[in-house]
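As written, the chain order gives the labels A, B, C and D, with residue 1 at the start of each chain.
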Amino acid sequence: MENLIALLVAAPLLGAAVLLCGGRRLDAVGQWIGTVLAGASFVIGVVLFADMLGKDAEHRILIQHLWTWIPVESFQADVTFRLDQLSMTFVLLITGVGSLIHLYSVGYMEHDERRRRFFGYLNLFLAAMLLLVLADNYLLLYVGWEGVGLASYLLIGFWQHKPSAATAAKKAFLVNRVGDMGLSIAIMLMFTTFGTFAFGPVFSHVGETGEGKLTAIGLMLLLAACGKSAQVPLQSWLGDAMEGPTPVSALIHAATMVTAGVYLIVRSGAIFNAAPDAQLAVTVVGAVTLLFGAIVGCAKDDIKKALAGSTMSQIGYMVLAAGLGPIGYVFAIMHLVTHGFFKAGLFLGAGSVMHGMNDEVDMRKYGGLRKYMPVTFITFGLGYLAIIGFPGLSGFFSKDKIIEAAFAKGGTEGWILGGAALLGAAITAFYMTRVMLMTFFGEERWRNQPTRSPEAASAEPAAEHHGEHAEPHPHESPKVMTIPMIVLAVGSVFGGAFFSIGDRFLHWLEPITGHSEGNSPLSAATVTGGTMVCLLIGVGIAYAMYGRRPVPSVAPRGSLLTRAARRDLLQDDFNHVVLVRGGEHLTRSLVYVDHTLVDGVVNGTAASVGGLSGRMRKLQNGFARSYAVSMFGGAAILVAATLLMRAV
Amino acid sequence: MSFPLLTATAVLPAIGAVATAAVPAARRTAAKSLALLVSLATLALAITILVRFDPDGGRYQLTESHAWIADFGVRYELGVDGIAVALIALTALLMPFIILAGWHDADPLETGSKRWRPTQGFFALILGVEAMVIISFEATDVFLFYIFFEAMLIPMYFLIGGFGDRAHEHGEEAASTQRSYAAVKFLLYNLVGGLIMLAAVIGLYVVAGNFSLQEIAQARANGSLHMATNTERWLFLGFFFAFAVKAPLWPLHTWLPNAMQESTAPVAVLITAVVDKVGTFAMLRFCLQLFPEASKWATPAILVLALISIIYGALLAVGQRDIKRLVAYASISHFGFIILGIFAMTSQGQSGATLYMVNHGISTAALMLVAGFLISRRGSRLIADYGGVQKVAPVLAGTFLIGGLATLSLPGLAPFVSEFLVLVGTFTRYPAIGIIATFGIVLAALYTLVLYQRTMTGPVKQEVSAMPDLRARELVVVAPLIVLLIFLGVYPKPVTDIVNPAVKSTLSDVHKKDPKPEVEAVAK
Amino acid sequence: MNPVNYLYLAALLFTIGATGVLIRRNAIVVFMCIELMLNACNLAFVTFSRMHGNLDGQIIAFFTMVVAAAEVVVGLAIIVSLFRSRHSASVDDASLMKL
Amino acid sequence: MSASAVHSLWTTAATAADPISKIPAPKIEYGQLSPTLIVVGAAIVGVLIEAFVPRKSRYYAQVFVSAVALVAAFAAVVALAAGGYGTTKAHIAAMGAIAVDGPSLFLQGTILLSGLVGLFTFAERRLDPETHGNRVDSFAAQAASVPGSDSEKAAVKAGFTTTEVFPLLLFAIAGMLVFPSANDLLTLFVALEVFSLPLYLLCALARRKRLMSQEAAVKYFLLGAFASAFTLFGIALLYGYAGSVSYATIAHVVDGSVTNVDPALANTMGNDALLLVGGAMIVMGLLFKVGAIPFHMWTPDVYQGAPTPVTGFMAAATKVAAFGALLRLLYVVLPGLRWDWRPVMWAVAIVTMLGGAIVAITQTDIKRLLAYSSIAHAGFILAGVIATSKDGVSSVLFYLGAYSFVTIGAFAVVTLVRDAGGEATHLSKWAGLGRRSPLVAAVFAVFLLAFAGIPLTSGFAGKFAVFKAAAEGGAAPLVVVGVISSAVAAFFYIRVIVLMFFSEPRPDGPTVAVPSPLTMAAIGLGVAVTLVLGVAPQYFLDLAAQAGVFVR
């Protein structure tokens, strides 16, 4: 059975290779090759899953050793896959959602002449992501880790002719690299500490080293997670990443890749459990980010950016949960999965809206779309209910559990974290309602509008085939796009319930992550109630602001906070001033130094020798008598020196 | 006595060089094909060496030893260890690509006399360099090594000064003056280094009485040859200086950007990918084996310099406006990594460094050659003159991107393996330095992606709108390199297996052991 | 009388000759000064010969004279040809080659 | 000393019963002196040829005689060496005047060979365009006629050539043969003059640029005479110090190993002031010949002005002879004084190496450039001289051998590059030579690289040998300085190469004349020796090593 594991990765990899090297002759069928291979990978996943369910809990770990990768003395890196419940969960999520989004893209990218390459990249991403979750040691994981980074770079910058896209892609890669630094340092630390970086040995020997080392490792892992999962302080790239095609935003920047950080933390649970300080740091980062993202989400008028903010904040939840240790791991993953459903759904919905609105992304130019694109409206709506945690829907279960766990951490920390989580829930409700209202309700602000706000100009070449001018004609998207949305909507409705009833998910993952019930100061019921209250408050405020009165189609100046939030709470400005400007100055001055100082010294020496030569040359003045003088002087010196030598 | 394989491998290209030079002026293509054939034949010989070499065999294999200049205690001694084998293979491997890539670089445009044969000269010189590089990898006699280490400069000098980019922003006159400036700079830097090494070589003779690497190393080991501490240090510095210039190590690096900027892309590859490797290789083989104590004494300083090279080179690469200069500074940063790995004195570090030499050779070749194709199309080296190439020449852009990704050592591509080994190897002994060096990978991403973004993406510039995509010949050059990058990235074991034993014995020469992990997590 | 004085004289003559070479312009005069130096040497030889009581010095003196004579031949030939082509025997005029 | 003692000198002489029997007949080993004698004989024959052979056939006769003589002399040297006179049977010949030993034989061989090659360049008659249907060489048609005068035109028209150069050359060579093997100071001095005077004349005989040629001759002559005056005075002082001019005796006195000093002589004999001053002055004379700073200033002017074949011969052979004599003087006569002269020579060597290299950087005339390079090389050789060890001697011998051929070859190439005004020696004219005639440029590049001491050329082997000896002799600082100055020197050799290969050829650039087999032979030999001594120097190193011992 374990021999199938390699195929999981191989299928999409093959797809990528074929599509990228295949050349123009594959342009026609490219999208289908990609989709089929993604599907194939999903099927294999399902088969393995079925097989795994067949076994009992302790025999569910499959190891497939492929080959020895880097053997240098004690440094032994192998290409070994490990399929256990945790990775299984991810495999299904990745391949499942992935396949759906492939399908969706077939319609979405229909008119893009570089479609073949797009699907190639998507497959590449799947392969890398699967490698990431299937790796049995950190170095191999690192390969997948950077692989997904590459894929996201390529996909964000897919419309390379747009400078904004290219810049966003570069930014994403760079910020991720900063995180990757953390991961590589963590690996080095593990190697020096344990002499290996394979999961098994490291986790089993965690106890034998000091907490300091482990904390260091944990913090480095956290840094990596921050980069990949867009957590504060490395979150700045996610917003810009929306430059990519919407399916990409759905798959990579909502459902799967950005959750890799959570995977990393949960996977390294053993280490974190032994390093409380690191755990605390994780929870703090999570809490901060979930608020940060939420606030940003409130201020954005660009529908995708608003959703991006929400993604950030939702992942904040997961990280927070993961930071709580055994209490939270399972729920972190569970929320991750449900979030995968509804956030992907929401993005696809947003994509569908844009598709119908000449790729308009400014929600202020939407409004009252529900009757033009019913399917989109319904699926999006369900996703919306799920994310705000409407009772019974998936978000409700997963998020609720996290909030409970946060309180269960106990002590002041527990209160603070729990409070943050609750507040987050309220804000989530607010901004999602805002999105909902601005898009599907209210008067139709897109009528007699100068279409296509300049910043969205030529946003997506698909537009070139729609009317560039006059007002848009909102319409429902083709089947190939709506079907995936529907499927995901189903997932986001029933997923949570399915997982939580009888703690299925808990029992499924427990053998890997371990689980412990914290002693919550509040009863589960209280927490749920509190959540509900927050939810209502959020929705209420949003309704008051955007449902009752008309939405101005140009953004009002807004309060200081709003304006800050619109600019991602000034985080980018900070980066720009400190890193970019500073960096430019540094490099420019270094170039100068290299030219004048380092090079100058050498050239200076050469020049001075030349000058000396020129001066000495003058002595050769052509007059025989002066030559005689020098000889005479020379002789005198010679004699004097010889005598002197004898004297001393 | 068996067939002198090593000598043959070095002599073949030498003969080829003479033959190529002798081809009449009119028969240019003949000369080119001849050169290509010779380089391929040399590759075949190199592969034979690879096959005949037994990783678990003695330290130096396929040895040859003949009397040469008894008065100077010099013998004609050849022998290869794993490190040398790897580098010889690299050299022989790159040559055909270099020749193929430079196919049209030396077609004469100005009318010299009937007997003026730049094309023949160009390829003859390239083969000459190959011969000298190979023999200096093979030499186990210090003097023999020195001779070719020095002699190498002359053909390189003519290659740099004699042949430059076709189109030049300031016209041919300015170009030739800049070229000869670069050439002279290259030569003087390396000559000064070499001459200082000469003093040390003489000193070594005075101390040791002969030049046989094995004998001296042995004598050092069993204590029969004692060097006064200061003597050893001075000699070490003499040797190291020369190698540091060649490598190049900050602050002796400034010749490299000029040289690479002014010479044609294939020659630039020849410089960084092949010739400079002799410097780092020699550190590993000569500095450590001949002067173990002094090496250890100098390690801290050298590590710091290497660290500076890494960061400094990367930062300057970010600040460059000229594609070739950018690659040059990137190389400086990479050489910093190599030297770091060598002097970390751990098996990971040194194996990594050796692997790095190979991988850097391949990756730079890929990146630089594609850059050369790009430049030859547009006739400018300035980054600012490009934009949106990806749209008009996707394959070119793709290969360029892969080359770039290799340069920023993306996991899955060969350079990652070596770079990570170097980092780990350094980290295990000097955590702080290891961490600072890690910043290099972020900067690498920065300069590579900036380069790619400015040249390949964005709206299509008017001048590049008509740019043709890679031609067959160019694809033949690039594709194998890329395949190799991926293969060695996924399965570097063949190389490491060859290299590891050599590194092991080098380490034992300097009496260094890998630091033990704190916890014995893996059962031995 | 102490023969050492002759040595002093010889040294004096030698110095005078050398000085003349350094300060005089006319090639002929310069050449004469050189001859003077040679003769100073001869004087020294003869004096030493007398002091040592062996004849070597005196014989050497003869050799020196012969050599000096030969030098005169060559020297005058060169100087005269120079004079004829330049119409001046000043050594300072002959400074085409410099630097 | 008392009057009576002096009086006794005469009386003894006067009261000799049978004076004839008192004077012992000199015993001359003609066989061992044969090389010198052959050359001198040939020179005299040459003079006779000038006197009796009709003008038309003089040239051929002269060339023939000189060539035969030189070859024969070389054969004689080889025979002597083979006879073991270089090693086991080495001894003092000709009543203590000449030392026949390793160094002298080796150097004589070198001088003869470079003399032969020099002869080839002298005899070259294809480079200058034929005037009035007469082949002409690079020597004045009639030295006596005033430049540009009618008589000169007439002489040219008549197709005169100064065939006297060949006997002159032979005389010079004869003197050079004696110079390094002279074993007493008188012989040294005579030999010095014997090879100097012909050179003075040869310098004046250029066919083109006669004014410069004559000027060179005057400068060379005046300064040379000036220097030899110093030498002579030095000899006088040494004589005064030791009471003899024989090397052996002086050495003994210096060592203090001489017994029964006549108290009457005590006040001069063994007076160190005399010794030191005298020694310094002789050394100065020799340093003048080798062109060491500060006695070098004649070198550039003379090298530039003299006819290029003469320059080449002079640069090579004079250095060989002078360094031979210097070696013998320092190793045989003044070893006891080592601690006095070594520091001084150190200084001279350093100044010479650096000075020569640095000034050369800014030269614009190829011949002057080579002159300064030869100065720098003198410095390198001095480093070997200072080693004061057997290795030192042999390394210097090897270096001289290697150097002389490179030099003659280089100057021979210079004679090929010509324009309307004769040889085009200004560097700017050499621009792009590599494009015009790659072969010549390549050959010259080889010579330059040899000068620069790039590996695989004889220059490197020689430099290595010398520095090695110096380092072993404990002169490590000298080696470092030498290395640095080689770096500086490399710069201007490279500059010439850049000029030849990388810069665009001038439209008014010079043409490269196609020489006769003679010059080709000279150049070819130069290249061959350069490469052979660079790649496989072992045999010659052995030779030099065997020849490294002086006889006392």
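Here, a residue touches a chain if its C-beta (ideal position, glycine included) is under 8 Å from a C-beta of that chain, and two chains touch if they have at least 3 such contacts.
Just so it is clear, the structure is predicted and the values come from calculations on it, not from any experiment.
**Student:** Suppose chain centres are the mean of their C-alpha atoms. Which chain sits farthest from chain B?
**Tutor:** Looking at centroid distances, C is the chain farthest away.
**Student:** So, what's the distance in Å between the C-alpha centres of chain C and chain B?
**Tutor:** Inter-chain centre distance comes to 65 Å.
**Student:** With chain centres taken as the means of their Cα atoms, state the distance from chain B to chain D in Å.
**Tutor:** 46
**Student:** Just the number, please: Cα centre separation of chain A and chain D in whole Å.
**Tutor:** Chain A and chain D have C-alpha centres separated by 81 Å.
**Student:** What is the distance in Å between the mean C-alpha positions of chain A and chain B?
**Tutor:** Whole-Å distance between the two chain centres: 37.
**Student:** Provide the list of chain D residues touching at least two other chains, using ranges where the numbers run on.
**Tutor:** Within chain D, the residues that touch at least two other chains are 218-219, 222, 226, 230, 300-301, 491.
**Student:** Show the residues in chain C shared as contacts by 2 or more other chains, in ascending order.
**Tutor:** As it turns out, chain C has residues touching two or more other chains at 18, 21, 30, 91, 94-98.
**Student:** Got the chain B residues that touch at least 2 other chains?
**Tutor:** Counting only residues that touch two or more other chains, chain B contributes 188.
**Student:** Which chains are in touch, pair by pair?
**Tutor:** Pairs of chains that touch one another: A-B, A-C, A-D, B-D, C-D.
**Student:** Quick check on the complex: what are the chain B residues that touch chain D?
**Tutor:** Of all residues in chain B, those touching chain D are 67-72, 110, 112-113, 115-117, 146-148, 150-151, 153-154, 157-158, 161-162, 173, 176, 179-180, 183-184, 187-188, 191-192, 195-196, 198-199, 202-203, 205-206.
**Student:** What residues on chain C touch chain D, complex-wise?
**Tutor:** 3-4, 7, 10, 14, 17-18, 21, 27, 30-31, 34, 37-38, 40-41, 44-45, 47-48, 50-54, 56-57, 60, 63-64, 67, 70-71, 74-75, 77-79, 81-82, 84-86, 91, 94-98
**Student:** Tell me, which parts of chain A touch chain D in their complex?
**Tutor:** 606, 609-610, 612-614, 616-617, 619-620, 622, 624, 626-628, 630-631, 633-635, 637-639, 641-643, 645-646
**Student:** Quick check on the complex: what are the chain C residues that touch chain A?
**Tutor:** Contact set of chain C toward chain A: 18, 21-23, 25, 30, 91-92, 94-99.
**Student:** Within their complex, state which residues of chain D touch chain A.
**Tutor:** It comes out as residues 218-219, 222-223, 226-227, 230, 272-273, 276-277, 279-281, 283-284, 287-288, 293-295, 297-298, 300-301, 339-341, 343-344, 347-348, 355, 358-363, 488, 491.
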